[in-house]
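The chains carry the letters A, B, C and D, assigned in the order they are written, with residues numbered from 1 in each.
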Amino acid sequence: MDMGSNVCVIVGFGPGLGAAYAEVFQNDGYDLALLSRSGAEFEGNKDNNTSMKAYACDAGNPESLRNALMSAQSDLGKIEVVIYNADLAQFGTLDDVSEVEFEQSWRVGALGLFTSAKLLGPQMAERGSGAIIVSGATASLRGNVWTTAFAPSKSAQRVLANALAKQLGPKGVHVAYLVIDGVIDTADTRTNFAPNEPDEFFINPTRIAETALMLAKQDKSAWTFELDIRPFGEKW
Amino acid sequence: MDMGSNVCVIVGFGPGLGAAYAEVFQNDGYDLALLSRSGAEFEGNKDNNTSMKAYACDAGNPESLRNALMSAQSDLGKIEVVIYNADLAQFGTLDDVSEVEFEQSWRVGALGLFTSAKLLGPQMAERGSGAIIVSGATASLRGNVWTTAFAPSKSAQRVLANALAKQLGPKGVHVAYLVIDGVIDTADTRTNFAPNEPDEFFINPTRIAETALMLAKQDKSAWTFELDIRPFGEKW
Amino acid sequence: MDMGSNVCVIVGFGPGLGAAYAEVFQNDGYDLALLSRSGAEFEGNKDNNTSMKAYACDAGNPESLRNALMSAQSDLGKIEVVIYNADLAQFGTLDDVSEVEFEQSWRVGALGLFTSAKLLGPQMAERGSGAIIVSGATASLRGNVWTTAFAPSKSAQRVLANALAKQLGPKGVHVAYLVIDGVIDTADTRTNFAPNEPDEFFINPTRIAETALMLAKQDKSAWTFELDIRPFGEKW
Amino acid sequence: MDMGSNVCVIVGFGPGLGAAYAEVFQNDGYDLALLSRSGAEFEGNKDNNTSMKAYACDAGNPESLRNALMSAQSDLGKIEVVIYNADLAQFGTLDDVSEVEFEQSWRVGALGLFTSAKLLGPQMAERGSGAIIVSGATASLRGNVWTTAFAPSKSAQRVLANALAKQLGPKGVHVAYLVIDGVIDTADTRTNFAPNEPDEFFINPTRIAETALMLAKQDKSAWTFELDIRPFGEKW
């Protein structure tokens, strides 16, 4: 088998959802390229003969992100799946958010997806296969008091994904957007964001990653562009 | 094992998508109750020891539909999954559509879902499990020149499903809506609706049913209410 | 001037928003046909030489509504503007709402609009002018725990209006939908629904009616189909 | 009367819609600050004793835009209405659009609105009055093949406006978004974009500006955040 024929890059690897994507895609046999600010590595499951490499980059800096993606392809082979999970998750009102923060939020949320698609979309289209799956949020659909920077960033990201889906879909490349509505269960959210909430308040990140894997494998005669994900106990 | 613990009712069984739901859920081990106007039976796969029964009813007539659902429960056991697939798919402009047709479209599309949920929702909520999955359409989101009757019916159906999801979700019952965007591959659509289109024009109904099965089995910490489905070659 | 050339019918006249529509359109010079269950009359402003007649009918009963609309045309002349304001505003969960109530909510909210458009749309299209303006609600966009009947009714109404707009617009008939988001200031809501809320909690119905009048007079080179209306203090 | 109590700034003045805003707001008695790349002046109507000044700036450059807005306030008085009309209207596929263009489109469409709101929103909120009205587009709602840069920019702009509306509304500042759906009638679109289309194909920019003026004067008990505008002959 062609080494590197099954490479998944996770842009925005880290504890929580990033790690869940890594675990689920690795268990399914994907080689992993893990991109993060720090270049963090993943413990993972070493038993299934997949390859894995970590790269440090800034998703909001096109040159930095391009270099990491090209290194990953050079090391592991053609990228088949992009999980775009980079996000500053910066919250604040008009008073709180500076112009620099407003820009940085957009750079990591939207520009980095553009950079990834600009580099990898054409080669996926040429092969007639591939998937670009984006971790989105309800903020992509509407603004709110605390999402002065976050909502415009996610909204640009979602509509870019929509434009990409319409361009790349007919060429066999599946672009999909997850509207994640709720608080993901991580060490950080359990401790800091919602210390007193019951289990059912949280979304299990592994379950999100399983839905992303389903999308990556969905037959092209019946593709999903967008789906929402929330815990059953969520008020919405 | 408790007989009837795994019963799936398909409201609106028939060739095409109805048969695909039957095939996919039966292959996964569900007993089937098939409701249709004619009481049509399903050839199916007899090898996996599932039960199957067909019932004639009018989904737009509450008494008729209730009777069929109660017969199914009496014959097969508690219903665990409802696939709501009934639909008149009536197209026409304001000039074409009569008041009777406008009403009938709503009765089969929206009232029948209400009847089903009114009967089965509370018992699912009491058990803390179950799924109600609805075959929807893009017309649920907007009206158009030819959808004077169809769009209002699908829109009422979608928003009812949304109300049900918010009421029954916290009790462990998963309500989900499929926005099917495109022409399903059936003998009828191939012959009459789109005789000259290539394969990639059509949605494979089995793939839709597989996505519905995924929803029926989705973990409740990360439920999807709504997703779209379209063939990769679709313009949208 | 041709008598009856400026007739506005208000389907669903009553205290609150219905009366505000009557006041604002009468002050602008429209003759008024006021349709309500009880046939209630309107005090109004008698100084501007407009005509006004009240008719009792059930907007959810096609024959009753058609008869009232035809009587109004016979008495006052061709109807130029339809304000569709009929609504049962029935709230309740799946447990609370009966099939009869679910149907009745749809009949008054959606079927009555269809009946009105079926009768008056073609003659407006033939003249190349006219407006159909619908009092909608946020419930037209999503369901909720308490809107099991109301949301599907408003959603069908909105999408029907959308279909009508696309059919009748190119023929010079303006169809528009008001997404009213908030509690309208009436004797009833002040006393029963929200007795302790400050003024800024409520929407002034006269201001809604003024926006409807603006829509009725909007130039056809730049028509609005949909707009939302809410008080500045509303959380949304 | 306090000089400058009625100042309207148009960010993105130019022929077509910018000039229509200038004409309509000046005729209503507003003093005008016209911001554009070139610092173009406006002929206008000199008879109603309004003031008018033009400023050259780059709406995508926060410092440049801030300087122009502060000069306008220093020259004319406190800004009461912001018409945000800046837009690169850059169209192209993923292959056509460069990272620089993708960024520039966002800077002018979304960052410039943030800069304007960051500078002027707090002072409007302190006074308890003011309006920020944004020239939007259907591309704010969805991406398409040709809108790889344009749609994400407009989408970020719309959702930012939505966040601003929720923050500034309760303080008496009206934020509104116009979803302009169609081709505006200008010398340029008539000649280059759609030379063979009939009059009814185009939106009259003066009619858009009149709707914007209506929004600027709408009573705060019944504010509109969003409305669509399209010519009656438009297919949608």
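Assume contacts are C-beta pairs under 8 Å (C-beta built on N, C-alpha and C of every residue); 3 or more make two chains touch, one makes a residue touch a chain.
Here the structure is a predicted model, which means the values were calculated and not measured.
The chains in contact with chain A as well as with chain D do not exist; no chain meets both. Annotation: the chain A:chain B pair of sequence copies touches via predominantly the same residues, more than half of the used numbers being shared. Taking the mean Cα position of each chain as its centre, D sits at the greatest distance from chain B.
Taking the mean of the C-alpha atoms as each chain's centre, chain A and chain C sit 45 Å apart. Averaged C-alpha coordinates put the centre of chain C at 32 Å from the centre of chain D. For chain D, residues that reach two or more other chains under the stated contact definition are 166. Chain pairs recorded as touching, per the definition above, are A-B, A-D, B-C, C-D. Those residues of chain D that touch chain A in the complex are listed here as 62, 93-95, 99, 102-103, 106, 110-111, 114-115, 117-118, 121-122, 139-145, 147-148, 151-168. Those residues of chain B that touch chain A in the shared complex are 166, 169-170, 172, 174, 185, 200, 202-204, 207-208, 210-211, 214, 218-236.
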